[in-house]
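See structure below.
Every chain is named by a letter (A, B, C and D) in the order it is written, and numbering of its residues begins at 1.
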Amino acid sequence: MDLSLSDAQELLKASVAHFVQQECPKEVLLALEMTPTGTTPQLMRKMAELGWLGILIPEAYGGAGRSFTDAAVLFEELGKGPVCGPYFTSSVLGALLVLHGGSEEQKRALLPQVARGTCVLGVAVTEADYGWQPQAVQLRAHRQGDHYRLSGVKLFVHDAQAATHLLCAVRTGDDPRGGITLLVVEVPTAGLTVRSLPGWMGQVDEVRFEQVQVPATAVLGGVEGRGWDVLEAAALQAIPILCAYKVGSCQAVVDMALAYSRTRVQFGQPIGRFQRVQDHIIAMVNHLDAARWTTYEALWKLDSGRPAAASVHLAKAVTSEAYVKVCDGAHEVHAGVGVMREYGLTLHTQRSRALYHLLGDPRTHRRRLADALGW
Amino acid sequence: MDLSLSDAQELLKASVAHFVQQECPKEVLLALEMTPTGTTPQLMRKMAELGWLGILIPEAYGGAGRSFTDAAVLFEELGKGPVCGPYFTSSVLGALLVLHGGSEEQKRALLPQVARGTCVLGVAVTEADYGWQPQAVQLRAHRQGDHYRLSGVKLFVHDAQAATHLLCAVRTGDDPRGGITLLVVEVPTAGLTVRSLPGWMGQVDEVRFEQVQVPATAVLGGVEGRGWDVLEAAALQAIPILCAYKVGSCQAVVDMALAYSRTRVQFGQPIGRFQRVQDHIIAMVNHLDAARWTTYEALWKLDSGRPAAASVHLAKAVTSEAYVKVCDGAHEVHAGVGVMREYGLTLHTQRSRALYHLLGDPRTHRRRLADALGW
Amino acid sequence: MDFEVTYTPEQEAFRAEVRAWLAANVPPDLEEPVDPAHLSYEQYGKRRELGRKLGAKGWLYPTYPPEYGGGGLSVDFALILEEELDRYGLHLPPYYDSGGRLGAASILVWGSEEQKRYFLPPMLTGQWRTWQLLSEPGAGSDLAAVQTRAVRDGDHYVINGQKIFIGSLHGCEMMWTLVVTDPEAPRHHNLSWFMIPADLPGIEVRPMELLTAGGEGGASPGLKHTVFFDNVRVPAFHLIGGENNGWKVATTHLELEHGGGGLIRRHRVAERFLEYCLTTKRHGVPLSQDPDVRDDMVEVYIKKEIVRLLGLRTYWLSHANRPRSYEGPQLSYCRKVTNLEIAEIILRALGPYTLTTDPAWAPLAGLLEHFQRAAVVGLHPGGTTDIQKVVMARRLGIGRTVREEAGRLR
Amino acid sequence: MDFEVTYTPEQEAFRAEVRAWLAANVPPDLEEPVDPAHLSYEQYGKRRELGRKLGAKGWLYPTYPPEYGGGGLSVDFALILEEELDRYGLHLPPYYDSGGRLGAASILVWGSEEQKRYFLPPMLTGQWRTWQLLSEPGAGSDLAAVQTRAVRDGDHYVINGQKIFIGSLHGCEMMWTLVVTDPEAPRHHNLSWFMIPADLPGIEVRPMELLTAGGEGGASPGLKHTVFFDNVRVPAFHLIGGENNGWKVATTHLELEHGGGGLIRRHRVAERFLEYCLTTKRHGVPLSQDPDVRDDMVEVYIKKEIVRLLGLRTYWLSHANRPRSYEGPQLSYCRKVTNLEIAEIILRALGPYTLTTDPAWAPLAGLLEHFQRAAVVGLHPGGTTDIQKVVMARRLGIGRTVREEAGRLR
């Protein structure tokens, strides 16, 4: 038993931390938050050069081929920013979809580019009837000769504005689960419009298809009906990495509150001397540690080849709630200062809400946890 | 608008408070807790003399004929003890069942005696498949000539050991709701055994019927199939009075914690100076006041003839949870002292659990609240 | 007990009068933007105008003494007024004026007769809108630690300093604030309370960039500002309650800030959320029939009902002039915490829809998105949740044999 | 990261050895009463006997130095031992001996070499069972406020005073406690720490009547007592860590009391509740298929998993001798709170069945009823939840630039 990171992981952690500090300080993040993509070509290039955009992609496809835990170390540090941008969507969820579902040709065409940052994958699953169950995929792709024709809307798609290719879950058959196919849709394509959604959600978009033609070769893996299986397999591995991002976020918010508890003086003493302020922070730390260790155990199970589904659902349910609650606690500690945009806390508050439902909300994962336990 | 008690109610409150102080001090309650009935003939007689056992019974039937709010004032003070015994079961729920469902003859036979304390009503509804839905009533009464024959078990029956008459919900037909009849079963009756259930529940019993014969005249109201309607009508009026009992209990527990916060010194100061101790008590007060005002509004709606169902469900859900949480908070405040039996706090802790499910647990009442709101 | 006004014939007549008057005087084109920061100047003007009309009848401050511009009405009549205004989604005053509500009460309790006659009528009749200026960068929860200074100079005071989280959209006519007049004196004995005309030279107002410009969802003040005082000369007559007596004056408006006046306004967001779930169909079935959504709705309903009842109780205590204790800060605490809880239940129930203002997709025109932010921002104004608990603990006498008294409201 | 022991061949062999040994030595008729207060003297004797056998192999305290009777094993081996014992529902030691676990650690850190050689072997090999004596009527959370006095008299100390909430069923051979040796000295510098033979004249032990005799459900000490000292003469050799150095000695056992040793024991009640719901049918369908019960089960599962992981992390930190900080009291806090939460979820899920011990009706032979009480009683032993948070706050450095260090465990 050894619950520490390896030396290589510690090294990676330090270099990501350095990168975030240098390239994504608060001022940059405050500016990026307002952009449609959440990133810049320079940032993409630098992260590609560091090998991080291909961290999960096997070396055979131009990636670094590292473990899930390694990728989690990277994303935990990014979460501290919190660094926005399509990195998780493209290099984790998107790359895993291609790895699990793509043909050899598609892997060779897409993955090296993803690792280089020249291709950015988006993943369009959810629709107006929002949900992460197969029944919620209703956008139909009609086969017409050597292409498909699509009309409809994908909604609340993360990072679609940054994507060069959208992996779209579409319906090619009536079977709730077996009727779903993943299509690789290039951006731009005639009839396809991607639009940022206004509000308190960051890089979340509407993707509208109006008589969009997609070649039949765009079917991920070349065979219809495998979409949901591929999505589930990829999500099982991607979720703990998203969880790690939130763990990093929670840690950053806790650190912010700790620092403020020491420097903010009211009633003649640092506010952290008041038990009420302490209790906000203690509750935050408890959420953080619950998120951290459920996430780490899920990663360990994935990397060691153990059945991981129950741990993954557990981690997702716990971390999504933890991030929201940790931000709430930080707002209690910071009061007025915390809601001033330039302070930076609200970057987290927003992401804690915007990531709450991504890949399934806590309630969904609680129910799936019961199923995974064989109950 | 006037949220205060009337002068008459304040007077009643004061005399009940005096009675509880004189007749049911902590030592007496600690002893009564261990008895099968939770009361004594002397206590019953005194309460009858004060008119409290007939508080809801119309003057025509030998009672005091007072309002629901008046009865609530009485029971709120009893809850402070917490005074155990069959008073709620017999004089509120039982009396209301007879009032709503009984024939004139039954009313005349039973109610004056209830008011005098010479008859004690028990109410046996729940069974091994515990629940307060009509489906849970499965004990079948077979009509044979001029009597019914019953075999089976009623479980978790409050105050059955004290009862001279049990109002039993039995199944006389298959319709889930319309097949339920209330029978007035005298105690003792051949084949009927009442047994206290051991454990952390006070006066809660098993009632076992083995080929028990009950005369057909024992049907409450004389007509089969009305049992559930009567039970619902009576429960709607009885529940806010049970809630008031819990409000009084919550108040007593809050008062206990407040007193302890002032007198217990640790780290050189009264423990109530510590914000953590304050926060336990504040949370308790918030639960208490939520319980109090939801209960009072329900009582006001009942007494003023307004539709009260939603308010009653609301109050029941809120007060049942409040009592448990208030006791939890008091244990945090009191630490070791709180679990010493002679201190008296655990009398409440036990009742907060034992009353949690009586007449429906919070989850049941939440669901019924939605129905009552017409959702 | 009686949880409603039991209508006497006189009151029924009053209700009819109010209803008719409102039908004739509430502008039909009154708009309420989802985000108070989007209230146009024109719309603001209509609200001010309605306020002046109400004020002329004594209905803007119905329970205040008529000699100062109030209505002299009892609590039951005031409640009728609030109920009838509520039918229009309005309340008293029909625009953001916490400075007026809190300041008028303070002047009524602590001002000299002359000051009451000078300051109250324009406030109570809607001529002035007033901002309250309390927080400073170094004085948030610890309000008594304010640093803004006022120095006597002849028959004026000269004020210098900075206040933050101030005001609302479209400015004000008057401001009041708490400043240091005796830096040598002990805490709570060094402060004075001033009414300050907003147009005095040396006052500068700059908007702040916050998570939301609004407040607590439906009761929100709009934009907040930083206010700078640079040698602002204020006549000595504008000092209320006497020099170095400012903390006592503050106990009155703090009592109101801490919820001591009660709350009878409906929880608009909760109600509209419930209505939305009842009327919005998914696969042909109302959302309210989804068991999870239904449980969430019940949770929201219970929470808002508890706050409603605590608000009603406190309103009654305050307006019936009954003894008050911890009830104000309890209400304030529960309201703040409940709002955040409700926001998160709504987030859970409706998913990312709750986070967008997109015209095509946002439910209730973005009201829920605004509430997501407003519930977070609402945790601190008028005293953080922790401060409400500080006051509650003192009033309840936790660990103390002497209970702190509630602030005077009259 | 590795959340399990990765078995080396040597470890596999050790596991086989342990398994075989346990099969041969664990009495087949070992009973665990639902309520530890019902443990018979005979059954207690069997457990003590097993403890002595484990002790003879160094397996009672596997990671302690062999020269004092420990096993000298690394954390992975110790974990194998615990895992194999867990298959019998046992743990180390196989009877309640918190005084031994906490006292041995304190003596190891603070005792002289001579004291270690005298006191540790009987403790580590199971010859002695030891009670810890901490709380007094006036010193609960504020342990440093103890009043029990020890006065030097030649080569003895004479002890007078009263301790409460002490011990377990069937007595002990040894006691340790914290007493005042210098009433004039400042707080934390006035105390000394003594090992006291339980059979000395002047010691009187009386049982207390509590809500439950047991502790936290499955890890419970049985009966608690009041212990009176009336001129008890203790040899000076029994003073550990030097006169007036008692608070430092106490930091070691307090660290363990506050969870610093971690927790790898399974949550027996939670697991049996889940199993009960999976296997108990209502109307022919397992309870686990009822959507509400199923949600409750998930809630219980998540809560116990979080505590398990925090316990495992802390166990690893402690046994791998890694830097520790707030983790112990965090674990202790979360465990206490979680137990109460789980008790209330079970109450909600299973109804009044949860409250009876009736042979005919109680699920799991009354285990749940006992847990309902034990979860309440368990809030305070080893430091209240508030005290755990006091320690956490200091260790986290909330409002402090200097973080308090965790107590030494070796």
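The rule we apply is simple: a contact is a pair of C-beta atoms (placed from the backbone, for glycine too) under 8 Å apart; a residue touches a chain by one contact, two chains touch by 3 or more.
It should be emphasised that the depicted structure is a prediction, and the values quoted were computed from it without experimental measurement.
Student: In terms of touching chains, how many steps apart are chain C and chain D, taking the shortest path?
Tutor: Each step joins two touching chains, and the minimum needed here is 2.
Student: If we define chain centres by averaging CA atoms, which chain lands farthest from chain A? Would you check?
Tutor: B
Student: What is the distance in Å between the mean C-alpha positions of chain A and chain B?
Tutor: Inter-chain centre distance comes to 52 Å.
Student: List the centre-to-centre spacing of chain A and chain D in whole Å, with centres computed as mean CA coordinates.
Tutor: Their C-alpha centroids are separated by 42 Å.
Student: Any chance you could list the residues of chain B touching two or more other chains?
Tutor: Counting only residues that touch two or more other chains, chain B contributes 271, 274-277, 279.
Student: Got the chain C residues that touch at least 2 other chains?
Tutor: 389-390
Student: Among line, ring, star, complete and other, which one matches the pattern of chain touches?
Tutor: other
Student: Help me check something: in the complex, which residues belonging to chain D touch chain B?
Tutor: 135, 138-142, 145, 164-165, 208-212, 282-283, 292, 340, 344, 347-348, 351-353, 355-358, 360-362, 366, 369, 372-373, 376-377, 379-381, 384-386, 389-390
Student: Using the touch rule from the top, collect the residues of chain B that touch chain A in their complex.
Tutor: Interface residues on the chain B side: 274-276, 279.
Student: So in the complex, which bits of chain B are touching chain C?
Tutor: For chain B paired with chain C, touching residues are 1-5, 69, 258, 261-262, 269-275, 277-279, 281-282, 285-286, 289-290, 293-294, 296-297, 299-301, 304, 314, 317-318, 366-367, 369-370, 373, 375.
Student: List the residues on chain C that touch chain B in their complex, please.
Tutor: Interface residues on the chain C side: 1-6, 75-76, 79, 278, 288, 294-295, 297-299, 301-302, 305-306, 309-310, 312-313, 316-317, 320, 322, 326, 330, 333-334, 389-390, 392-393, 396-401.
Student: Residue numbers of chain B touching chain D in their complex, please.
Tutor: 128-131, 155-156, 197-201, 204, 206, 265-267, 271, 274, 276-277, 324, 327-328, 331-332, 335-342, 346, 349, 353-354, 356-357, 361-363
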